[in-house]
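Next up, some structures in structure tokens.
What follows is chain A paired twice: with chain B in the first complex and chain C in the second.
Let's turn to the complex of A and B:
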């Protein structure tokens, strides 16, 4: 009875529901985007660029945070002494010029005159010295400290001069100074770097300054009027925190963010299949400085046998991985350097796909199928091992393709995908694995001492595969000392050659970095220069007819 | 007796639907190697993420494998996990429940407190924690699900034993000098079987869901072996584009779980004396 009365009262509301729902449905369709994004527009300043990040930075002092979410934003706020230009040559950012002493041990940096922090205070060599002291301080516990700890002496003869002396010549030195963001002494002196409020309220010298930071939602940057490098074109940068990739993509489609990194399927299947997305999104691809590999635990048998490693290298069809996993958006490599750069040895050829050669090599190593079960064995033990990887779709798929190819030549492979934190702590750090599918993201300096040198295989260090080759050790040591760029190039070409021959890891693919940027953003270099599309982001601009209406959803949600 | 109960259960239309669903799913899974149009692990990098068509009825996945074939083979895994896990849980439940309900006293208290402790831990998280220490494989999954879901069966068997042991036929048998084993195996257990069967049938539905959940999280069946849960995971990323990767395994899980639940409820109605019209 009671329910009947309620129902009767609600019934007259039904037409209202219907009207509301139909209104909502029609709203979705009515906004037809008729803007022509492909037209040429003159350069002009202003506008807002909305980016998205899957993680929220823990703070904006990147030497302490040590995470990409932090440096992605702090690199708009702080300057370094040096930077890489479009073609990856070093040039001054805060410095006008630098000199290297004849014994290659001392570098003297000359700062540009009249540099200012965003709060109006002068930026001098004292700030640089302070930053160096901070990064090398034991209490800072910076993951980047090791490069700067090699500096024996740092001095500031005057307000515009900063000079560092190393114990012995250190070739990656300049690269390291391009990576250190200079912090203001007057705001951070006598503060605890781990707890200081400065990390959430930074004052820098670069193109932008932080306006607001809404926890779990967004960080808003606006143009720094006293920027040491002049003014950027775009007025405001908003970085929204959207942890889930699929949700980011929905926001990109709904025009609530302007750019995001894509996976191959989104890049070459989903966006091209939708004309309405193609109309407003421009796709970019650039070869990143990273690669995916199959690495062996060289302390485990039979991977200590070079014939076995080479056999597996011949048995894997890398082109199939590039086509199947990366939809063709990757390239086959033969050295641990970005193809086309100075450090990559052009004479090296990747191992071809040759299962017969693989079988011959395995036979030489003593593996035969003596019991006829299709799996090779040696000394009564079947050739079976486990590949582990983190829960990364591309890597899992690569492992499945490897599993199939190795089965063809009689090797039994199991695959296990493990969540990242336990992957690192339980398997990589303890060395409790047979083989891994993983990737390396590399810096621009060719020094890979920490990855390959035999001294670097303690738990937690990067040579977790246990690689130990005296010839490689020697080349890596030479490479660090050699200041002449041509001689240095030769050393790393030789290094890559020995590495390829020894095959401690199998290069699977160097994948392209893929991204989509809304076509309202102009001034982007395409095709991407060696330094990547982001190198001139301060010159990007958004013509006023193409800007978002600033009273829209994003403005409301952000406040 | 069992035959008539079964007939009675199936006279309930919903239970009949459940029964038909389960039988068809089983037949399809059994026949998977024969009726699958493709090898479920046959990778074809030229046929990645194809929409359903005459050639691939349920489309292809991210490595160009035929989804229909993977669904059929995955069905075997899902059903196997369900049956074995519930088998283990039921066996443990019967043994512990019988001991507790028959002997009572301190052993009853001990077993029942163990049940309380086990029930106080959310079972999915318990399973997650255990799997994290083991190598994920279907055998481990079955054992772990079995070892963490025996508690309700134990309670059920204990309750049945408690109520049955006061009944005349048990007292008569005891007076005639029957030993413990005879009492348990010829009198108490056969008369407790029907609620156990109902709980087992319902338990299979839970185990199928649990396996799908674990495989979805990457902790269950490992590549390249297919299971409904891990096909569903592959579909998650491309749900706006490759809907067939999410829809078909989702439907399969839904229908199977529904089937078990309908059958279980139908059996319960048929077996429950209170719903008996006679």
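Let's turn to the complex of A and C:
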């Protein structure tokens, strides 16, 4: 008791202490950095690029690791047969060319000659065959095996030829071969892929090789002298593991890391407000292959009624969500494809914000406010539903804006944010929800069979909204069979049109991927090409006058 | 005494089994499993492969069967392998047929956390005991008030906020200390002296901040213990004998006042092992708190169970040591134990 009284007496003094502490904190001054990072320098090799990752990879064999932290690093170490170029067209990476047979069922890849692993051993079609066998093996726990299991027969007529045959034409096949990292047979044969030490000590063929991996701290890569695609410019890539975003940003400010992904606040408010950051950091934005949406459980009434879905679509102001949640760093979309790419139908317009149209549609569907409580009702039941989402700030905020707009037209919405694993197993898998705010991150192939086809709505599958439209089913099936790129484009344009008209989900926004990169790194395309700024990271370079002094802890680089 | 010890150690076995059973069931009460993590929500992955995974890990079996399998493995002290982290062994390293050593997850995380927390505890104690003594001797005077206020502020400031503030001040504005991590990027290339300096500079913030914010409790304990003791008859006797103040305080009062500290330290053992998720995340320290948090989020059951089991075993052991220390320090307790 005595204690409390004393504390209370001292309490009024607290602000004085706070002022003292802040004064103490503000007396430091930042280190003056007079380097002009905007100056142009000729291309030169060398230097170290320091990156940060919020998570440590579990291993560097991405077919079994499955997480993005793993593939972010393994993509510097391993090659695939094909890759996407600047404009998102496929080109050969390990292969010189590829041919599709006249019946569209067989693809024959011709490897480039004289390919080598980083340990000097030749890279041949046997390695490709081995990798395919590995990913499709019964015992391999790869979440991404299904594309490769469709291959009925894989052969290697000679050391440079690899050929796969499908039961029927499979258009997404080429994309799948751009996604499979080829592993060395001579090091992995007779190893258990899930426990092998290779995952922490990999040997690849790409621009870089792993030098060291300090658990929980960093991974260091250095240039692979026998890289099959020639030499990258930057000598060393270091990825530091810094789980906390704020700590990462402090490291970026202190010049201890060269790049990081940003959230909209940092991108459009914090960095522009600080001249010392603006001086040394270049900001980049690129559209990702992802979007956020409001999805309905189509098995629940009244979402089976297209008028209701459309009404809600008209009632939501998407621009408000983009401005409010993403600080304008997103765009309103009308198809489930990255805008500006081949697959995105340019003729489609997103639903406008039109609450009156929404009210009319709801009236047509039989919803009127018969008891005058401000909530529409039908057959004596008020129109009230719950939006669930995972604990993601942006999705939660979007849900709040939706809630408010729907209240305007007389729909009562509750919001619940749930931890991811519970969200999936308790609600999504069981179909126990009315509506969700979620996002899709998609691959570069337009095939979205697993999301929209009516056969894919079993528990655990991705058509959890229960969408069932025979026209869409047919288009998706056609799109998988069509190898001609122009005809295929037409199919997916039609698909997106039907989908927009039917409105089984409401596209909220496609947010930009935002990043800050230190200006010492040159050779980055800006504005970002369709493939994103990372497509030519092997051509990025750091002129020697701008490099960090390698001995100092966090020295500002030399002038 | 020996009989007492054996009895205590044997009691730990059923206790541990009980703890593990409860932990196992609570862990499975949370919905979801390893196949539900965010990375698996990729339209390219298939439900069949997830189902295969569940079967492989026996996640499709009833919880009690899974517990039986786990207990059977534990019988041979096999903590199993992580689901999430490339099958890394949960507890201790394993060597494969080619002689490659894979370190255990707890083996890697525990020493860092223990080191930082024990260092922090030592700093807390070396600060808290003198502060407590001063506060008790100068009770109600300005020294006591300032110490109380200082502790009060330290106790009220959120650790993560203070951490970020100090990281900004010392790391960004002034470049005096590194911001996060345990070593510098070029650590390998430094000489021994520079390595030591590098490690110390990385440890300053993560060690000092929890010590300062944790100071309040122990200081108050010491102060109140001292105040209690000052009112005892034997202190009055000591003073009456004409002993000087120094002897009264440090020879007679302090030793008695410190007894409850043994209990406090015993109670802090789970915290020493557990680590702090927030501090470890902010400072990018790959310790136990972060490991446990990540495994819970990933539903990596073998790792969760491994940490809980080792944590409870060490806690029980710590309690036993605290009791023994108490008996050693306090003759009244010792006699009670021996008689038993």
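Here is the rule we go by: the second predicted complex is superposed on the first by the 524 of 559 C-alpha atoms of A that agree within 3 Å, B and C clash if a C-alpha of one lies under 4 Å from a C-alpha of the other, contacts with A are read in each partner's own complex, and residues count from 1 in each chain.
Methods note: a residue touches a chain if its C-beta (ideal position, glycine included) is under 8 Å from a C-beta of that chain, and two chains touch if they have at least 3 such contacts.
This is a predicted model, so every value here is computed, not measured.
Colleague: After superposition on the shared chain, which partner residues are touched by A:324: those of chain B (first), chain C (second), both, or neither?
Modeller: In the superposed model, A:324 contacts chain B only, not chain C.
Colleague: With the two structures laid over each other on chain A, which partner does A:424 touch: chain B (first), chain C (second), both, or neither?
Modeller: second
Colleague: In the superposed arrangement, does A:154 touch chain B (first), chain C (second), both or neither?
Modeller: Once the two structures are laid over each other on A, A:154 reaches no partner at all.
Colleague: Is the number of chain A residues in contact higher for chain B or for chain C?
Modeller: Comparing touch counts on chain A for chain B and chain C gives C.
Colleague: Touching A:197, do we find chain B (first), chain C (second), both, or neither?
Modeller: A:197: touches chain C, not chain B.
Colleague: Quick check for you: in the superposed arrangement, does A:246 touch first (chain B), second (chain C), both or neither?
Modeller: both
Colleague: A:261 in the overlay: touching chain B, chain C, both, or neither? Say first, second, both or neither.
Modeller: Touch partners of A:261: none, neither chain B nor chain C.
Colleague: Once the shared chain is lined up, is A:270 touching chain B (first), chain C (second), both, or neither of them?
Modeller: Only chain B; A:270 stays clear of chain C.
Colleague: Which of the two partners, first being chain B and second being chain C, lies in contact with A:100: first, second, both, or neither?
Modeller: neither
Colleague: Quick one: is A:396 in contact with chain B, with chain C, with both, or with neither? Answer first, second, both or neither.
Modeller: first
Colleague: Is there a shared patch on chain A that both chain B and chain C touch, and which residues make it up?
Modeller: 246, 250, 422
Colleague: Show me the residue ranges of chain A that touch chain C in the complex, using the header's touch definition.
Modeller: 3, 6-7, 10, 13-14, 17, 25, 28-31, 50, 56, 58-59, 61, 64-68, 141-147, 179, 194-197, 199-201, 212, 214-218, 238, 240-244, 246-247, 250-251, 253-254, 256, 420-422, 424-426, 440-443, 448, 450-451, 458-462, 550-551, 553-554
Colleague: Which chain C residues qualify as touching chain A in the complex?
Modeller: Against chain A, the touching part of chain C is residues 30-33, 36-53, 56, 81, 84-88, 96, 98, 100, 102-103, 108-109, 140, 145, 148-149, 152-153, 164-165, 167-169, 171-175, 178-186, 188-189, 198, 201, 220, 281-286, 290, 297, 299.
Colleague: Considering only the defined contacts, which chain B positions touch chain A in the complex?
Modeller: Counting only chain B, the residues touching chain A are 41, 43, 45-46, 48-49, 62-64, 132, 135-136, 218, 222-224, 234, 236-241.
Colleague: Can you check the complex and tell me which residues of chain A touch chain B?
Modeller: Within the complex, chain A contacts chain B at residues 245-246, 249-250, 263, 265, 269-270, 273, 320, 323-325, 327, 391, 393, 396-397, 399-401, 403-404, 414-417, 419, 422.
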